[in-house]
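The chains carry the letters A, B and C, assigned in the order they are written, with residues numbered from 1 in each.
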Amino acid sequence: MLHVDTLHAHYGRAHILQGLSFHIAPGCALVLLGRNGAGKSTTLKSLIGLVRPTSGRITLAGQDIAGHEPHAIARAGLGYVPEDRRIFTELTVMENLEVGRLPPRDGRPPWTPERLFALFPNLAAMRNRPGGRMSGGEQQMLAIARTLMGNPRLILLDEPSEGLAPVIVEHMVHAIRAMRDSGVTILLAEQNLHFALAVADQAAIIEKGRITWHGPIAALQADPALREAWLAP
Amino acid sequence: MSALLVQLLTGLSGASSLFLVAAGLTVIFGVTRVVNFSHGSLTMLGAYIGWSVLTRLPRGPEWFILGIVLTALIAAALGALLETLLLRRIYRAPELLQLLFTFGIVLVVQDATLWLWGPNDLPLPRAPWLRSFVSIAGERVPLYDLILIAIGPLVLAALWLLFTRTRWGTLVRAATEDRDMVAALGVDQKRLFTTVFALGAGLAGMGGALALPDASANLQIDLNIITDAFVVVVVGGLGSLPGAFLASLLIGVLQSFGIVLLPQATLVLVFVIMAAVLVIRPNGLLGRAQSTARGEAHAFALVRPAAPVLRRLGLAALLLAACAPLIAGPFLLSVLTEMLIALLFAASLHFMMGPGGMASFGHAAWFGIGAYAAAFAVKGLALGMGAGLLLAPLIAGLAAALFGWFVVRLSGVYLAMLTLAFAQIVWAALFQAVEITGGDNGILGVWPPPWAADRRVFYWLTLLLCIASALLLRRILYAPFGYALRATRDSERRAEAIGLHAVHIRLAAFTLAGAAAGLAGGLSAFSKGSVFPNFISISRSVDGLLMVLLGGVQSIAGPIVGAIAYTGLFDLLLLATDQWRAVLGLAIITLVLAFPHGIAGSIHRLWLRGREA
Amino acid sequence: MTILSVAGLRKSFGGVQAVTDVSFTVAPGEMLALIGPNGAGKSTCFNMLNGQIRPDAGTIHLGPLDITGLPPRRVARQGVGRTFQITATFASMTVRENVQLAFLAHHRRIWHLLRPLAAQYRAEADTLLDRLDMLPQADRAAGILAYGDLKRLELAVALAGQPRLLLMDEPTAGMAPAERVALMRLARDLATTTGLAILFTEHDMDVVFGTADRILVLNRGALIAAGDAAAIRANHAVRAVYLGSGTTTGGH
């Protein structure tokens, strides 16, 4: 679904991504693990085009998207849910969803508000509430729902469990699994290992802007030494 | 009673075209976050284009409507062109540089309009239906006034429907909050911005054209209307259309009554109302707390003392300046004196604007108060120049402390507007206190005593006072107080959390800056031998802003370089060409595009490149 | 002996009760965690403690001193330090200058207009930075620090005020697991050696259960449980509204 080949990106003068390469098969859920500043968020931002990569190739379903404008990349089928959710606080839930709406893709049934309310039942009761008057957990659900309205082939989730109460994180696990079952490919950046183990089937460890390990999540779970290496300061 | 009604209706009709212009301004600001000075130019172009269109069409009402619509469309197209060619390139630049940039556009458009339509006012020949009256409560009310009164609410309703009931409107409101996120959701924000800008420009053009039957197309429209529109937008609350509507009614009615009751004080009245609203409701009548739009973190650069090489360069320049009277003739010497005064004025503005984060649009107020204090000391109290130069910073500092008490509680555009309001109040007060200030005639004969009458001696005195004061300001910035001031700008939350009283610190900085500007004003009074109300004009405040921004807000040497560059540029231009506005405007536009961090800031960056990992 | 005692704290926004009748105390050297669902009132509670929000009712005492309703700067001067969920430091200054300014503010030496800051409280700042392993970064701009370092700088700035009570709002949010452990170990160390009391909010249950002496649970503005890690984990009400089954957060 997604192929990333020797991606380089800078943030100001800092060289953040230093030749990053990985790929995700359709229907997979890959988690990017890594320390702060390792380049997880920058990877996702480079994919969606909010950070312009300096060099490297990115193809989404065979289509070259590196260096394109964010809106063109989103229209090519990449969905992005940022770390801090970035809900439109003055817009209602329904209006937030409307902003995310894009035409259906590949003849698959499009996501509609009704389908999304089935996935996130909490949202159904607050259709006309402004985004600014929702709790952190509700905002995270809305952020994901808003991105799904664009019928993405692949969705990028930047630390979806960050700052959320444990019970809400459990909801989030169910929702992400359901999303995957409906055919959306998933790439998420995470710090919370428990959460990663619960939703991903593949893992990649990123260090200093390069992928240093890539494999099934079960292998990571079975290898304490590897986890230690990633956890160590 | 009925006279009141007529006056009220006149005010309401004036409010309508003001509302159209202000609505355009607020819509554009909401999405692009650009405080667009050139919005007034679009209004002026609307008036001129409207004149050209309407004078070519038959005079029936249906043709008038067609002409107005056509004018709005042309203005919208011009706006779209302006956005795609120029403004699009500066969306990521600092807010104040954007302002400077749009001011450059104002200057260019002024000369272009002069060239296209000539210097004369162009009144619209009024068709019979435009001259007809309707009888209300026994009073004859112009029909056109009633039409205008109806247009305001109609446009408000149409805009409200557009923004809440259409997908385009939803996208615009979303982009107002977070443009990057909107793009990441698949919306082409470039096209969205262009359409918003076109809408705003169309409203401005329509406002300009609709005012034609009551006024004329003239070259003063741009700055007059932009000041009023800013006031309306700020009083109503940035980004709020209903707020802009309410505020334009308020201002419109106030102006129409003011002209009858207090013809001299109309302008002051408007600004007093604005100041009162901002003190009671710091975000305007219907505005909400200002949040910086997402996706544009304001990272402040590290402030470091200049490198030794640059210091030596500065010292060399100073030595050269000290030797100047030995070489330069009287004309050049007076230009150099003006440059030094400008330098202190710019440095004082920079002090509050850069490290203090308080961009003032009315800094000329303290300059003017200082000048008048010095002049009054000499002519009114018969004191010497020494006393005058002592009183100038003292009185200016006191006045700044008094006004600052209101000002430092606000931030951003609101702060800028309140300082502008205070400058206007000071201007009007000096203008009207004829017995003391001589009103429009100013105070003449403010000459230095015999020992300093020689231009060279006065130059050396100015050099000493200006450089010493500028160095003192610099020294304060590296002392704990300067750091505390920057702390309140970097993060007020953190500043308060370590026990700093942000309001007191800002007030002290505001007072110091006012005093320094006052000294500059005092020197200017003696240098010119006279003072006039135009010492406090908006254009002098803008000059100061231009100097600081041209030099670069982030660097302490910035205002000095800026003052020299600007004064030099200006004097050269005045000598060399009649089209100085266009040339200056183009120079500003080019400079902002080439040096988004100001001249000194950009040199500093080049300097740093390769020196820091 | 207590450092902070809060009694009957209440706050409502537009008729909605954000905090209802919250009372608790913190002892010197104690680490107290405040947890609860998003929107339970933790931030409101915190902002009342440091003076950003004025409570509708109730009292806050720092030692014997009533600090209810004082503005943040005066609360700070009484010895309450604070770190923010979204870090707040002075981006245009170096790491060392940030700390020097905090020292100067604490010692009320802000109004000096002439003597350069560079030489003042430099040694004190370096000692403190060294303690937090930040000395190698002392000359870097705060604006370009990595996130974990920024959090430690914020802690240094808060500590320069020699607080008796430290309020930490989600201190480890956005940090990698190893950094979280290190930062909280540092906090624990400070509390034990200096008697500093620390009150913190947190969503990482590894951090909460691993470092807090005592835990308060807030739900819909009211305290629903208080106790040590074992008691909170076993509490049914807390499991239902907050912890869940614990499979995804290490709360098991």
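Some observations on this one:
The definition used in the following text is that a residue touches a chain if its C-beta (ideal position, glycine included) is under 8 Å from a C-beta of that chain, and two chains touch if they have at least 3 such contacts.
Because the structure is predicted, anything quoted here is derived from the model rather than measured.
Because contacts link each chain to all the remaining chains, their graph is best described as complete.
Ranked by how close its mean Cα position lies to the mean of all protein Cα atoms, the top chain is B.
Chain centres here are Cα means. That of chain A falls 44 Å from that of chain B.
Chain A and chain C have CA centres that are 31 Å apart. Contacts from chain C toward chain B in the complex involve residues 50, 71-74, 76-77, 81-82, 84, 88-94, 97, 100-102, 104-106, 109-118, 120, 141, 143, 154, 157-158, 160-161. Interface of chain A with chain C (complex): residues 12, 14, 34-37, 83, 135-137, 159, 161-170, 173, 191-195, 198, 231-233.
Partner chain C is touched in their complex by these residues of chain B: 299-303, 475-476, 478-484, 486-487, 489-491, 493-501, 505, 508. Of all residues in chain B, only 167, 170-171, 173-174, 176-178, 180-190, 294 touch chain A in the complex they form. Chain C meets chain A in the complex at residues 36-39, 144, 146-148, 170, 173-179, 182, 203-205, 241-251.
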